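Take a look at the structures below.
In what follows, subunit A forms one complex with subunit B and a second complex with subunit C.
Now for the complex of A and B:
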């Protein structure tokens, strides 16, 4: 069983739940940017949550299945075609040998997930099948998919006709709240700078990929200080520090960047806040032009949101088993 | 005569030239072939070419150079003469 790549789509890669545990030596977690949608795709086709799926941004690939397969497409709102005929998203589908999966034009969201029963069977690297493109390892041959690639598929036993209940499917609004915990360097902002960060919306620019999501809109004002030893001359510079996934840095004080799962592990930009883990999927599904309101929450609220997100995911998986 | 609308599948920034110091790919009134590039979309630090998609004559560009576009936006109209 294999999948032939007829057209790769944009920055299409193999991803699983990621590669935690190596950020201290500069290897980011990688993994599906929208973990909920990836988990749903796997659950629909009877895979374990750790199975590898295909992730595309904005534009789906065109794929041909060499043998009968059970597949599911989740994530962004994009019309799905099987042999040119409309097919549902968030449902498990039965494909015949030779069937072709393709996509029309994106209507909402940003990232598409395709799971096949058995999972994409590329080698484990540091315990994960996820591509880390900057490191050129993991995924399929350490790179994004290309025309002519043949993806190996593991043994699986999915069944068609399963469907994620409507209430458990994400929505893709053009304007949304992104909850953040302030810090570690928010004290460097003036009152005006803090107001510009949290009281006005930010618009996602086209510079948004697996490494980071760059927003535009306001200028942040920083408190005057004499820059410490080791820090760059711009007020947004600090002496180098570790970057959490989800942290918001503001190079030059004008365009905040939310670091995502392929980000570098440290550097010299002040992080004014960190997106809570429960909202990283929402960031992942933001398309350029999306307006984001950064809403500060406490650590306790962030942990409650994480627990709620876990419960919703468990409910979704239970609904499919 | 039929008007073909060239849609972008990608969001991003639309460019009518391959590079700032290069001439435009095409202008209204030009004849183009189906596989001819008429613009670029920049997204995620990558550039994707937009092809005419049909043989015909460009009647208009619907997006300015460096305009921000979303998936499905019409960037140009081509008269196919069919």
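Now for the complex of A and C:
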């Protein structure tokens, strides 16, 4: 069983739940940016949550299946075609040998997930099948997919006709809240700078990929100071430090960047807060132009949101078994 | 001197040891990381010492954040107790072809992004540090060893801090605007840190030379990568040795043949002994490296 890549789509890569444990040598967690949608795709086709799926941004690939397969498409709102005929999202589909999967124009959201029963069977690197593009390892041959690639698929047996209930599918609003825990180097901001961060919305720019999501809208003011030895000359500079995944850095005081799952692991820009784990999927599904309100919450509220997200995921998995 | 603890939302704890860079802060980050690693605490997924801070990534489904903070504060308290300040690490030599044509050519392509378009990166660095010549700068850069104060940004990229008193620290600002290209294995410099580019790519550090020795090898194709695809580890001590083109080519051939081995020795780094007389302590470290 294999999948032939006829057209690769955009930034299409193989991802699983990620690669923890190597951030101290600069290797980020990677894994699907929208973990919920990836988990749903796997559950629909009967895979374990750790199976590898295909992730694309904005434009889906065109794929041909060499043998009969059970697949599912989740994530962004984008019309799905099988042999040119409309097919449902968030449902397991039965494909025949030679069938072609393709996509129309994105209507909402940003990232598309395709799971196939058996999972994409690329080799494990440091315990994960996820592509880490900056390091050129993992995924399919350490790179994004290209026309002509042939993806190996593991053994699996899915069941067609399963469907994620409507209420358990994500929505893709054009304006949304992104909850953050303030801290890290936020004491470097003036009161006006803090107000600019949390009181006005930010618009996602087209510079939004697996490494980071760059926003535009306001300028942040930093407190004047004599820079410490080793910290660099700009007030937004710090002595190079580790970057939490989801942390918000603001180079030069303009254009905040939320680091995502292929984050650079450290550097010399002050971070003023961190997106809570429960909202990382929401960020991942933001399309350029989306307005985000950064809403400060406490650590306790972040943990409550995490528990709620976990319960929702369990409910979704239970609905499919 | 008290550290600042802060949450990176629900999966990270960051300990800012000092805002400025100094060897003792880095030492503390390394020692705390080493202490935490040795405890093998379930749920601490990544323990990442940085230049003057420590980042701990954890899974709150397996360990409560308050428990993470308690364990990390205890590790810090143990260090404050006045016990021995030692780090078990290794020292190794890295040959560098300074002032090489690869980085010079790349530098020439991006002069419009540099402070001094009419000078090379090395000429600029010498001037910034009141050194009379490029040769004098290279001597200062390669004369005393460096400690790997952090590994990161991208896979396997070391930040290095020179083991000399602060008045002898070299300082060079980064490019005015970052380049879109840097050769792989470039020895770069920004602020008070040397970095070695583990992969080709964008970068803003000044470029001083290139090493023929691979530092990141996903294929793990030689003996130096038997245990890991990353050569550098936080706390590694490094001595740069200037080489000419002939030796660079010779080492390059040995690397390609899989025959090159990095000269390295295990060593115990004692912060208190170092601080009593850095130059004498460094000389002893080099005896360990080059002695039989």
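Just so it is clear, the second predicted complex is superposed on the first by the 321 of 321 C-alpha atoms of A that agree within 3 Å, B and C clash if a C-alpha of one lies under 4 Å from a C-alpha of the other, contacts with A are read in each partner's own complex, and residues count from 1 in each chain.
Note that a residue touches a chain if its C-beta (ideal position, glycine included) is under 8 Å from a C-beta of that chain, and two chains touch if they have at least 3 such contacts.
Please read all numbers here as calculations on a predicted model, not as lab measurements.
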item	value
Partner chain(s) touched by A:252 [first = subunit B, second = subunit C, both, neither]	neither
Winner by number of subunit A residues touched, once subunit B and subunit C are compared	C
Contacts of A:10 with subunit B and subunit C, given as first, second, both or neither	first
Touched partner set for A:68, first subunit B, second subunit C, both or neither	neither
First (subunit B), second (subunit C), both or neither touched by A:20	second
Which of subunit B and subunit C A:161 touches, first, second, both or neither	neither
Which of subunit B and subunit C A:274 touches, first, second, both or neither	second
Set of subunit A residues, in rising order, touched by both subunit B and subunit C	none
For the subunit A and subunit C complex, residues of the former touching the latter	20-27, 125-126, 132, 134-137, 142, 180-181, 183-185, 228-233, 238-247, 264-268, 271, 273-277, 299, 302-303, 306, 310
Subunit C - residues contacting subunit A, complex	6-12, 14, 16, 18-22, 33, 45-55, 57, 59-61, 65, 150-157, 159, 166, 169, 173-174, 190-193, 198-199, 201, 216, 218, 228-230, 232-234
Interface residues, subunit A side, partner subunit B - complex	10-11, 57-59, 105-107, 206-209, 287-289
Residue ranges of subunit B in contact with subunit A within the complex	7, 9-13, 42-46, 48, 68, 70-72
